[in-house]
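Letters A, B, C and D mark the chains in the order given here, with residues in each chain numbered from 1 onward.
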Amino acid sequence: MNITDVLFYADAALILGSAVLAVSLRHVLHAALALMMALFSTAGLFLLLHAEFAALVQVLVYIGGVVIFIVYTILLTAHLGEEVPRSHPAKQLGALAGALLFCALLLAVLWAGRAWEVPAAHAADAALAQAGGVKGIGRRLLSAAPDGFLVPFEIVSLLLLAALVGAISIARKPAGDPGEGPK
Amino acid sequence: MNLTACLVLAALVFACGVFGMLRNRHIINILISIELMLNAVMINFIAFAHFRAADPTAGSVFVIFIIALTSAEMAVALAVVIALYRQRHPLDVERMKRLHG
Amino acid sequence: MIPTTLTPGALLLSLTWGIPTLTIVALALLPAARTRLIRWVSLGSALLNLALVAGLIAAWPAHRPPLGAEVPLAFAARIPWFDQPHITYFVGVDGISLLMMLLAALIAVCGVLVSWRVEARAKEFFIYMQVLLAGVFGCFISFDLFTFFLFNEVTLIPTYLLIGIFGTGRKEYCAMKLNLMLFAGSALVLVGLLGLYYASGLHTFDLYALAKVRFPADFQHWAFPALFLGFGVLGALFPFHTWSPDGHSSAPTAISMFLAGVHMKLGGYGCLRVAMFLLPEGAREWMNVFLVLATINIIYGAFIAVKQTDLKYINAYSSVSHCGLVLFGYAALNFLGVRGAVLQMFSHGLLTALIFAVIGMIYSRTHTRQIGELGGLMTRLPFIGVAFTLAALAGLGLPGLSGFVAELNVFLGAFARTPVLNKVCTVIAILSIVVTAVYLLRTINKVLHGPAQAKDEGLKDADLAERAAIVILLAGVIVMGVWPRAVTALIDGSIEPIVEQLAR
Amino acid sequence: MADPATSWAIAHSWLTLALPLAAFLVNGLALGRRAPRAAAAVAVLANFAAAVVALLVARDYFAAAHPAPLLAWSFPWLELPHFAGGLMLGIGCWLDPIAVMMLVLITVISTLVHLYAAGYLRGDPGFGRFFALLPFFAFAMTGLVIAPDLVQLYIFWELVGLASYLLIGFWYTKPAAVEASKKAFIITRFADAFFLIGIVLVATALGTVQFAAVNAPAAGAALAASPVVFGGHSCSLLALAAVLLFAGAWGKSAMFPLHVWLPDAMEGPTPVSSIIHSATMVVAGVYLTARLFPLFAAAGSALFLAETLGAFTALFAAVMACVQTDIKRVLAYSTLSQLGFMMFALGVADPAAPAGYTASMFHVFTHAFFKSMLFLCAGILIHAAHTNDLLGMGGLRRKLPVTHAATLIGCLALAGIWPLSGFFSKDAILASAWTAGRPWIFAVGLATSLLTAFYMARFYLLAFHGASRAAGRDAHAHEDLLMALPVALLAVPSAAAGWFAEKYFAQHMLPPGLHTAEHAAHAPWVPWLALGAAVAGILYAAWRYGRGFIPSAPKNPAVRLAWNRFYVDELWQVFAHWLMFTLVAAPAKWFDSVVIDGSLDASAWVMQKLGAAQRAWQNGLVQRYLAAMLVGLLALWLLGGLAK
């Protein structure tokens, strides 16, 4: 067990723990904070796996953008979830059972496919570091070559624009809206 | 640290997401669960890229795409939440039945 | 060789549905409040179409293909559309389709005329009507089964809206019933068409290419009833007729005219053009069944009409009875039977449109269609009364009016077949004219005759538009009755190839 | 004297058809409403011109020593390709002695009746309409008698039916008239349906509908050779076809039990009764039987029917006529009775000894004159007394001298008193029955003669003699010139047509295919016996209804039975109504709305319920969808595991 392993297991525990918290805390704001925690630790995992750029994006965009947005929304809708009652115990149990069964399913699939755990020809860590680096990713993203991602990249940018416009138009206050808050 | 460990971790996180989606009633809780599930997927991508792929860059590229799409999705979803709130709808999914067939 | 480009002739043919389509665009651009303009545009378009069809009929003798031509159509063009599945825009006309188009064009003009007073949502009303027209004309010029089917389906959508929005009585129920049953029929037709497409081995929907194929007997055995029943539903074949009384009775006047007068004929037309033409062996095998069903149609529709009290229902059941005569004529499988059936389609189309128009006029004045509440209208509304009387007389097969010519052909054709079943059914069908006389005279007597009612004081007789509509339809009825050779000269040459095919 | 082949009139005989048609169109479309008097003038003139043409046709046609049938003109109407080798239906003009005779009858009587109606209907709101419809009848009836084939005959057969319907219901605001018109049309239509079946049968079996071909011996033989087997029974196609064709005549000439429409048809205006329901249209059945006489004679079945039905109807109707008090109904029953005479005369004839045939045609001829005249007189009487009831008339002979004289001639002619026309024709019929060896038919005919004389004398006495019972309603009784003139003109042939035409009819009005008649020895006592019966009837009537007659309600049950027309109408009403409405239509409607529509609605209901059951899965709760998805995934996994 080397230091990487130790770091990995510690990080994994952190991810799992905050994930469990994120789904089990009833308070929405708390759950959002737990989610933020989980995403942070995932960014750490990405660093461990030499995907530095992904980690950076994770922190900057995901946490800095999305989760903050979630938090804003929670604050905007003001009631912080109090009015939403707790689920019926049977439903909670069912959800647990479902999740466990699903987890079992995933693990079983993993088990069935364990053949991939043959030792692969490991690329050199340096090469990996370069691959996860900004330069390589940038080249790939904007390359028009057959293995490039130029077209998807452009489409995603379009999609983002569309989402932006859509979000604004949906969330916009309609003219003559009398007020806010649930009835 | 090996591939299997990463995959098991991802599976567990995904299962957490599933649990959260099934259990919670607040719509934002459910969105949070979705984020968790997507996160698990990203872990898988990076792990495969790291341990297996002949083309490690692609893993990161996909993660970037996922994040981009997630932001788009979240933007719209949260806009819907705000719009619902504006129209005095409860944010409780068990009471959101207006679209039933 | 049939051209594969849009020749001038094919362009003219396409204009028959193109004019309604362009009218839809024009109407859509007009402001809804300008109902007067909307009406005039609709009337202009209908008249233009009538002129076009009349021109085509006038040009038919010069352009008709020689006897025995592989594709006996005039102005034909086969323009490729899709390679996979192989679909072409194959248009053309023969005498039968020209006659049907004439019917549609005449009723379209009259339909607009009797709708002159429609004010509420007039724009939508006339737009839907034009959609219906476009679909019907498209059907009659299509000889690719796919486009034929496509246009056929196009007619169903406006039908639903027209009945559902502008109808009377239980309109939602009736619109839904009509559409569901017709869609069910279409589904059967689609199954049959796909069967033809694949079983032919040609992978084509081209009617005349398929006609050259000898389909295997076991294929014909199931495909024929699928197609014939499918189209038969639209032709009000017993026991799938109940959509028609309900649907036609709740539709607004012009739409009743068009549905019973033209739309229903698509069923009879499809039975002949597709089912019988392509699957002659199946036709011979199944004809006894359909003969019996058609006979039931005739006598059963007539007897139920005897018991009805709503004018529209009386006419709708009378339509069931008269449309039975169309299928009955087909069941003879010989020249006169088929000719009688085609004549009956034309005759009944005019007649039923006329009667629905008259009923609509009576209803709009007295606000009732119950014969028990009506009476003595001949005194108040002489023009409408005379039109109603003439229409009823033609309906009961009075010589000199159109119904008799068709009936004579059908009866002679059906009786000429050797099997005893044909003879017995013909006797029953002929006896039904007595029942027809009973319900039509009963209606006429109750509604028109008797002392004039005080509540009908001051009713206005038909106005100019209504008179024009009545005169146009009556002229058709009388011309066909007095001078049937005008009509038979148009269709005879086109019936020959079909009958030859039937004997194959 | 012109040769038929080059005759102008025969070549232009289409005018007899075209002129009334033109009058109908002009009056119906233009004049009728706006200028009724002009319409009347147009109608009278058109009919007069047609009558002139018809008389010229008759002159030229009968100029030949042995008038042979000829096709004067014909134009195609509808061809029937692929039917029996291609058949052409046309509208044409087939002239043979009886057709020409009918042509003359129709056009002449029609002209006179038109003239009469111009007076009779003066001031009626439907005056113009009447003068559109009556020429239409003349047109249709002309087309009927000149028809060279069955289909044309049928076409005009229906058109005269239509004219009859429209004219019976002329006063369409009067419920009784409306009912009567419907009844007449439907009953004749019922018979015509069988007629049409017969035509279709003959056309299919022979491949022709031309009378010349249908009446040819070969046609009869061809039909006789093909038996119809149905359910173990077999009969010859010929017999069947003949009966079916005869059915048309049965209805049109109102033979028992289809006679019920004719008395009711008296609801129409009197001129209509005069021409349509006594002189011409109702004779069409007799005419049809005569037209197809060779075919019917070969079949036997139809002539047997004609004979028995005719004889029965003659007697049956005469009995009813004896007790009726409605002036027009007496005449209507009398018409029925006389139609029976004509019919049974045809029935007893046979191609070798066609005395019955010629006698029947002779009676058609004479009867048309005196019966139409009697109706016209009745119309004058009705106008004078303002009632249809004979018991409300009386003593009118001073006020209506022309009518009185004409009625007297008509009554005596109908009763069969020498030397008036009826004597000759009726005598010929009775003699033919006797010589044909049908003593029972002869006896019935004789008894009918007696009754005929009785009721006609009763008619005459009640209307013109005794004290006036009109209670002052007849104060203004007078004879309009327009009405008296046609009556006076008709009185001439009524009186004289008998001795004038007897020989000619016996020798030339022969069935198709026969050129000379060998008349069997005429039993010399028959005319005396007939005359005796007639005188006896008249004397009894004179004793019963002479001076001092006081009307009273009939008490004798037999009289009441006859007065109620033997309840045949009621039986018909109950039977037809019950059969059509209760037995068939009501269950059919029930079946349609309950079984067929019900099963449709039921299937719709099932679909709806299925949809509602499925709706639980489409409830909009996202978490349920997710759970369902999970369940599906797990199930797939399990299935995959099981498959391994």
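To be clear about the criterion, a contact is a pair of C-beta atoms (placed from the backbone, for glycine too) under 8 Å apart; a residue touches a chain by one contact, two chains touch by 3 or more.
This structure is a prediction, so every number in the text was calculated from the model and none was measured.
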When A-B and B-D are ranked by contacting C-beta pairs, first comes A-B
Euclidean distance of C-alpha centroids - subunit A vs subunit B, Å:
6
For subunit A and subunit C, what's the span in angstrom between their mean Cα positions?
64
Give, as an integer number of Å, the spacing between the C-alpha centres of subunit D and subunit B.
93
Rounded to the nearest Å, the gap separating the Cα centres of subunit B and subunit C is 59
Touching at least two other chains at once: which residues of subunit D meet that condition?
627, 630
Where subunit C touches two or more other chains at once, by residue number
none
Interface hub residues of subunit B, defined as touching at least two other chains:
18, 21-22
Graph of touching chains, which shape: line, ring, star, complete, other?
other
Chain pairs that touch, by label, are A-B, A-D, B-D, C-D
For the complex, which residues does subunit A have touching subunit B?
4-5, 8-9, 12, 15-16, 19-20, 22-24, 28, 31-32, 35, 38-39, 42, 45-46, 48-51, 53-54, 57-58, 61-62, 65-67, 69-70, 73-74, 76-77, 81, 83-87, 91-92, 94-96, 98-100, 102-103, 106-107, 110, 114, 116-117, 120, 123, 127-128, 131-132, 136-137, 140-141, 147, 149, 152, 156, 159-160, 162-164, 166-168, 170-171, 173-174, 177, 180-183
For the subunit C and subunit D complex, residues of the former touching the latter
177, 180-181, 239, 242, 300, 303-304, 306-308, 334-336, 376, 378-379, 393, 396, 398-400, 404-405, 408-409, 411-413, 415-416, 420, 426-427, 430-431, 433-435, 437-438, 441-442, 445, 448-452, 484-485, 488, 492, 499
List of subunit D residues in touch with subunit B within their complex
614-615, 618-623, 626-627, 630
Under the touch definition given earlier, write down the residues of subunit D that touch subunit C in their complex.
76-84, 151, 154-156, 158-159, 162, 165, 169, 172-173, 175, 178-179, 181-182, 185-186, 189-190, 193, 196-197, 200-201, 203-204, 230, 580-581, 584-586, 588-589, 592, 596-597, 600, 604
Would you tell me which residues of subunit B are touching subunit A in their complex?
1-9, 11-26, 28-29, 31-33, 35-36, 39, 42-43, 46-47, 49-52, 55-61, 63-65, 67-76, 78-83, 85-86, 88-92
